[in-house]
Amino acid sequence: MVGEDRLQGRMQEKCGIFGIYSANASCDVAAQAYMALYALQHRGQESCGIAVCNEGLMQYHSDIGLVPDVFCKDTLSKLGKGNMAIGHVRYSPTDQKSRSNAQPLVVRHIKGAMAIAHNGSITNSEALREKLQMEGTVFHTTNDTEIIINIITKKRIHTNTIEDAIDKAMFEIEGAYSLVIMSPSKLIAIRDPHGFRPLCMGKLQGDIVFASESCALDSIGADFVRDIKPGEIVVVDKEGCRSITTHCGKKSGMCVFEFIYFARPDSVIEGASVHTARQRAGAFLALEHPVQADIVFGVPDSGLDAALGYSRQSGIPYGVGFIKNRYIGRTFIQPTQEERDRAVRIKINTIEASIRDKRVVLIDDSIVRGTTMKRIVKLVRETGAKEVHLRISSPPFVNPCYFGTDIDSRDNLISCRMSEKEICEYLEADSLGFLAKEHVTKIAENAGCRFCDGCFTGNYPVPEPEIIPKSKYEKKIGK
Amino acid sequence: MVGEDRLQGRMQEKCGIFGIYSANASCDVAAQAYMALYALQHRGQESCGIAVCNEGLMQYHSDIGLVPDVFCKDTLSKLGKGNMAIGHVRYSPTDQKSRSNAQPLVVRHIKGAMAIAHNGSITNSEALREKLQMEGTVFHTTNDTEIIINIITKKRIHTNTIEDAIDKAMFEIEGAYSLVIMSPSKLIAIRDPHGFRPLCMGKLQGDIVFASESCALDSIGADFVRDIKPGEIVVVDKEGCRSITTHCGKKSGMCVFEFIYFARPDSVIEGASVHTARQRAGAFLALEHPVQADIVFGVPDSGLDAALGYSRQSGIPYGVGFIKNRYIGRTFIQPTQEERDRAVRIKINTIEASIRDKRVVLIDDSIVRGTTMKRIVKLVRETGAKEVHLRISSPPFVNPCYFGTDIDSRDNLISCRMSEKEICEYLEADSLGFLAKEHVTKIAENAGCRFCDGCFTGNYPVPEPEIIPKSKYEKKIGK
Amino acid sequence: MVGEDRLQGRMQEKCGIFGIYSANASCDVAAQAYMALYALQHRGQESCGIAVCNEGLMQYHSDIGLVPDVFCKDTLSKLGKGNMAIGHVRYSPTDQKSRSNAQPLVVRHIKGAMAIAHNGSITNSEALREKLQMEGTVFHTTNDTEIIINIITKKRIHTNTIEDAIDKAMFEIEGAYSLVIMSPSKLIAIRDPHGFRPLCMGKLQGDIVFASESCALDSIGADFVRDIKPGEIVVVDKEGCRSITTHCGKKSGMCVFEFIYFARPDSVIEGASVHTARQRAGAFLALEHPVQADIVFGVPDSGLDAALGYSRQSGIPYGVGFIKNRYIGRTFIQPTQEERDRAVRIKINTIEASIRDKRVVLIDDSIVRGTTMKRIVKLVRETGAKEVHLRISSPPFVNPCYFGTDIDSRDNLISCRMSEKEICEYLEADSLGFLAKEHVTKIAENAGCRFCDGCFTGNYPVPEPEIIPKSKYEKKIGK
Amino acid sequence: MVGEDRLQGRMQEKCGIFGIYSANASCDVAAQAYMALYALQHRGQESCGIAVCNEGLMQYHSDIGLVPDVFCKDTLSKLGKGNMAIGHVRYSPTDQKSRSNAQPLVVRHIKGAMAIAHNGSITNSEALREKLQMEGTVFHTTNDTEIIINIITKKRIHTNTIEDAIDKAMFEIEGAYSLVIMSPSKLIAIRDPHGFRPLCMGKLQGDIVFASESCALDSIGADFVRDIKPGEIVVVDKEGCRSITTHCGKKSGMCVFEFIYFARPDSVIEGASVHTARQRAGAFLALEHPVQADIVFGVPDSGLDAALGYSRQSGIPYGVGFIKNRYIGRTFIQPTQEERDRAVRIKINTIEASIRDKRVVLIDDSIVRGTTMKRIVKLVRETGAKEVHLRISSPPFVNPCYFGTDIDSRDNLISCRMSEKEICEYLEADSLGFLAKEHVTKIAENAGCRFCDGCFTGNYPVPEPEIIPKSKYEKKIGK
């Protein structure tokens, strides 16, 4: 999908994380992190950062911007060599970009320094924050991550090791969190007990690496080893690599939207190829919502894989209906209100030879507000399509997500406001079909986990948390 | 194709041009040019610029960088309103980026100001330059464009109109040139007598627009009217739009590589869809070089359309074999020499589910040096392909281009150094097939022109020019 | 003094602070802070920042760079209107510029948000930090300021008001600190019990302002009211302005080097004009170290006032011996080692007409390492001076400062390594005279306070603290 | 003088130039130019540039901005080594900063490349431009310099050497011009026959250097050799250094305002010290306009030297009345209109100890519009002065300058609109005295030249030229 829905900062997962531990003392671990963050850039474009540990001394750099904006040769060389590094890319759901919220977060405490990179969303963050503040804690950011680091530090006073402190802290922290934590001598990877967000381990010669997605392992030439288990704490130090499983064994609930939209198609999560999952979603769609048509194509880039699946299952020829302009960036000067309709054509343009006089099946991964989709359907019609049949490779969004997916408010979700028939009329499509709820968790073939599909079904792997709106809190300060 | 060949600045066409004439006195013509240049950005990423004419007063801005880097709200608003604008994106074949070579070039002469944007290459530029210098002309740039503007100005002294001066100048200027020229009161579009480079006309409400490709018309919502004819001079002023055809009627020689690589797939040139042309190239390839295989896919982005054509013709399923990282930009920090092999995976990564245990047909548009292609084949093999059959949707490059395509020196062209069999062995492919020379000009179905395929065949629409190497001249000065 | 000693980051005071409380709800307090920080820029050039409070909501912006680099119209307008603001300029003694150490520091705690700006140095910071860390506190910066804010927050849990918390915290915090603190509803100014660093109050129509120096009051058109008393806490809120004097009454110890070098000559501190104090230092020098000479001039800018005082007392004509290049900034590209001698002439050049064939008295405020002074003396000789008599308007530096002045290590201080006679020979001056220790505290005529001259005499107003070297701590982390 | 008059771009001389010829083939001549331009920065702050010649190959870089903004290590190293370099700093009188007008101007012509840097103003530029355009010349800039380079190039076709071409061109070019010109093998310095603008020669070991002012020689450690004579052409090449004197011998007319305001006080021009000249202007003022007073001080920086001269002559003590903020730069955010009065205090603040209850003599170098001076007088009064006696170290401005000084239009010049008595009343000064016209050319003691004081007297060394307003021409194009 393309256009204002996404551009308005809706429906985005929040972060990508990476960590590397080298057996050698003085490696260019910052360069490895830099390349891995490039591969994870799709998981967060607001800010990014890298922290390097060299014999206990931590150097870090982070800022607002894409990886190539924040890091240049100079900043990388200032980070220096080391035996460990962690990195982070961040997406922020709000308009206010905050440099102070950039990660990794690096702090000092009684036992030394600690760096942390976090992907997810803590459901009891407000209760934890209030408890900490009652004890006199000051907060420098509005990140959940700062809460996690304070809880761990409090535990650290009375424990012998950082991993024991983390283990204890996990009894208090609820919600979704995949973490990489760097102490002066250890690199630690953690996944919450339900495993909402992905995190995998790889090997690069003797080095151990962790990344949100396997595509980051590929980018640095590392071999995939395995996914971190839900609830697992993996500790890497000079003694080697070991696992703490106190919190393992709960019902897993991997976010199914990772397969539908977030993750990169070349990643493999819980044993299932993301590309294949999207193709399968398209195939299910073809079975559920068949139609007589001449060509099927996807909205680039997120609808392309499902379109291929729809084509193969249905036998309708696969085509290329759109060209996406690869140069439109964050600095694109928005056209005036009245020019909005036209503006979509600067971002994606139709290929008339694929469309004119054809009955078209158009595939996208999801519909949020519907305004951009309406423009795209109109564009396809104006290019000469005889019929436009819209197929969506996920069920309608109707419920909130508490675990790191930034879903628009229900007031804005078109599926909360209209029936499918009404949506079809609003979009001026000839027909409309969503993926069936019962198929959504079946798209990731042979996946070794259960899924959370709460945003579609309202069924969450944990009791639905009572959330204190953050906006109230965040209003108190801004940078 | 992706990777070092292209990144090293080889095989790139040089420019995209745009012009707009509005019937209304004070329009936001700069904003139109800005959006059109976005759509032409693929034709040149080194520098860009816009010149606006407001009641005879010309304002301009140009610099090194992409359109979004060079233009912001502030620079656009400083250009102000007007009734005409021209724009330019430029690619430079050399490493030395020169701000002074950015276009449009804006000068003053005895009859007022003039702005010019140029796409192409003048074959007798050194002779013309020497003649002008003998008359005392000084040159501020190393552009052919400055030669053109001096020739026109010399003619302008003895002619009543700018179009007469252009008409006379065209008897002296040889080679490839599509031009838009702005005088204080006229917008003029010109194509050289052989029509090497594309240039089309569109209509946006009452306004007349010209652009290198029709995709730029789409981006601003203009309707395509027609291509400018080879040798035609189209003059737009308050009297309307008229044509001078003194130089029309020669044998046309549209660059066929526009269809193979340069142009955007959504553009229609000389009546032929670029996307369809590439699909047809793929279909020809399937007919010429059939193979038993399980999947066919293209190297993104330039090989994708041909792969679809190959798939349809051969019946071998179309797939997605690669993910291209959309965030790798000009500021990407190059890995060290020994990391080069790995680096290709940061730019494009394979999708294992599409490749493992499969016999693969891999399509790209061309091979220049072969080093990147070798890495890609290796990557596909390492991902688990059983066989890799390489198909190239153009014939081998073996001859120089004198008309604006920056082909690598013969010493570097793999097809000049090796036989096809040797190339196949060097690339470690299981088989290799190039598009047949006799098919290359047939890919653009129903195109209303003849083609120049001299780079493949050595047959040019004009006698092969004797070129004085520019490098010698350019060495004298640098910025 | 000019040149490498200062440029190498030695002998610099660390900060300037500012605060404003307006009776009106929605004022452009950020603009006032911006202009005041301009006037305080000489107190710190590394980083700066402004925090604005608007009905309890705090917005802030800070970064590395001078005031005009960090703040533009855009950043100021994003800070928005408000009824309170505080600002800070910072000098860092080390080479590592840290954005995270920029102030104001803004945090949230159990009772809301708090912003703080600090000038000074806490002598028991390491003990306090360790105590806090034992309780589980994490630190995000290496600033003393973060310690202060944590101590205050801990007290805040058990007190009714922020000022009570500050009052209690002051029993624990030792050393030099002038502070402005902003709570959601109050602006509070604090000076440590010995009043090491200056802080004054002014009035601008109905608004109350605080600033490190009175020149900042002048810059925004505010009237000087009085200095904050050593140990005083001044609270401003909608009830008005009130004083807490629990910590008042100790022996004051205003840093005398504020008069000699730090403060701007147009400031009035503790009732004494800085300009007059420097003139008096020059007059004392003339009485202590008379000499037969033809002209007296100062090293710009810090030696100029004392030179005028020397001239008036001695009757030797005052002249202008040097021109300082006003365009040399932080980005000046340093010449190579062998060009150092010459480089001084780019920064200051001599006026031959003032020097040739003259017996010269040359005045500067202090000598640190002596290397730059040696170059200046050499330059004056080469310009044709018959004799060069050097007079220094402070006594020799021989002791450390614990209260915010960054004195070079004793190993580097020339006065720790050589006798005055040896220094004179090393500098190749004809004679050398320092201001007598017994006169240094007499330069600020009628000042309403006692002084700390410990760096010259070894006598501090408090027992000499035992300092845990910070460098050891700071080594653990860097940004 | 300080403040809006100057900031509004009035009364500024336009340029500083520099050239170096080294006997050695591959020197860091760019670094020498860089340091010299720093010393000439006061002559132009809009743009700057350096061109380097290395065995005939010219590299150059120029841009809008101060020397430290335009040149960094990277840009300097890209210029590379060479045996010659020329440099330029430029001031533009208009608001429209134009990158294309930055110098040096580097062009190619029939005999090779040429670079030129120019200080001055051509009085017959419009006639020359029209003549050139009639011959078909196109102009890329609105600089006089481009006219000069075209005239020289036209002559070059029919001459054997570049110096012969220059010699011939000088018969056609009228007005003020000091030039350094670089051909592939020669460095040439030229001063117009009346010597309006300064230009001197120095020696640095074996190297020959040229600079607008001697302070630039000092900055690179070069020894002053002599001033270039009015009308002289000095050619430096591998044969050595020789002089062409065809145009020498006319009545000289060095701009006297160089001594009053433009030049740096440490420069020596035509044998006279600028600092001494300003002191003498102050002394003349004291003789012409004596007054009973307690203190005399200057408006920084341009009034300081004259204040010292007034003090010595009158016996009234010299003092420091103002502190100028050294950090106010080009990016200073202007206060709103109603805050203008206050804004002057951010730029210069008074020292109360020097002013309160005193009868003050206040010295500045000139009055243009009077608005800033009115604010300064008001500020001194508000600081507590009993009387304010204003003395101006130049006569009233009442005539235009045709030779490079950008004097405000007569409508804006206060001395064209009011009598001295009225000005005094307008400024609310107790008395006002200008330097007498008959003394102005006497301030430069023993100067080896005659002066042009036309702006004060209306007597120019040449018949008053008829000027075609440039504004009309410049309106045609803008960048």
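Chains here go by letter, A, B, C and D, matching the order in which they are written, and residues are numbered from 1 within each.
In this text, a residue touches a chain if its C-beta (ideal position, glycine included) is under 8 Å from a C-beta of that chain, and two chains touch if they have at least 3 such contacts.
Only a predicted model underlies this, so the values are computations on that prediction, with no experimental measurement involved.
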Chains contacting each of chain B and chain D, listed by label: none
Chain separated most widely from chain C, comparing mean CA positions: B
Length of the line joining the C-alpha centres of chain B and chain C, rounded to whole Å: 60
Gap in Å, rounded to a whole number, between the CA centres of chain C and chain A: 48
Chain A-chain B separation of Cα centroids, rounded to whole Å: 37
Of all residues in chain C, the ones touching two or more other chains: none
Pairwise chain contacts under the document criterion: A-B, A-C, B-D, C-D
Complex contact set, residues of chain B against chain A: 31, 34-35, 38-39, 41-42, 66-69, 71-73, 76, 215, 218-221, 264-266, 268, 273, 275-276, 301, 304-305, 308, 312, 317-320, 322-323, 325-329, 331-333, 335, 342, 345-346, 349-354
Interface residues, chain C side, partner chain A - complex: 56-61, 99, 105-110, 112-114, 130, 133-140, 149-150, 153-154, 156-157, 184, 475-479
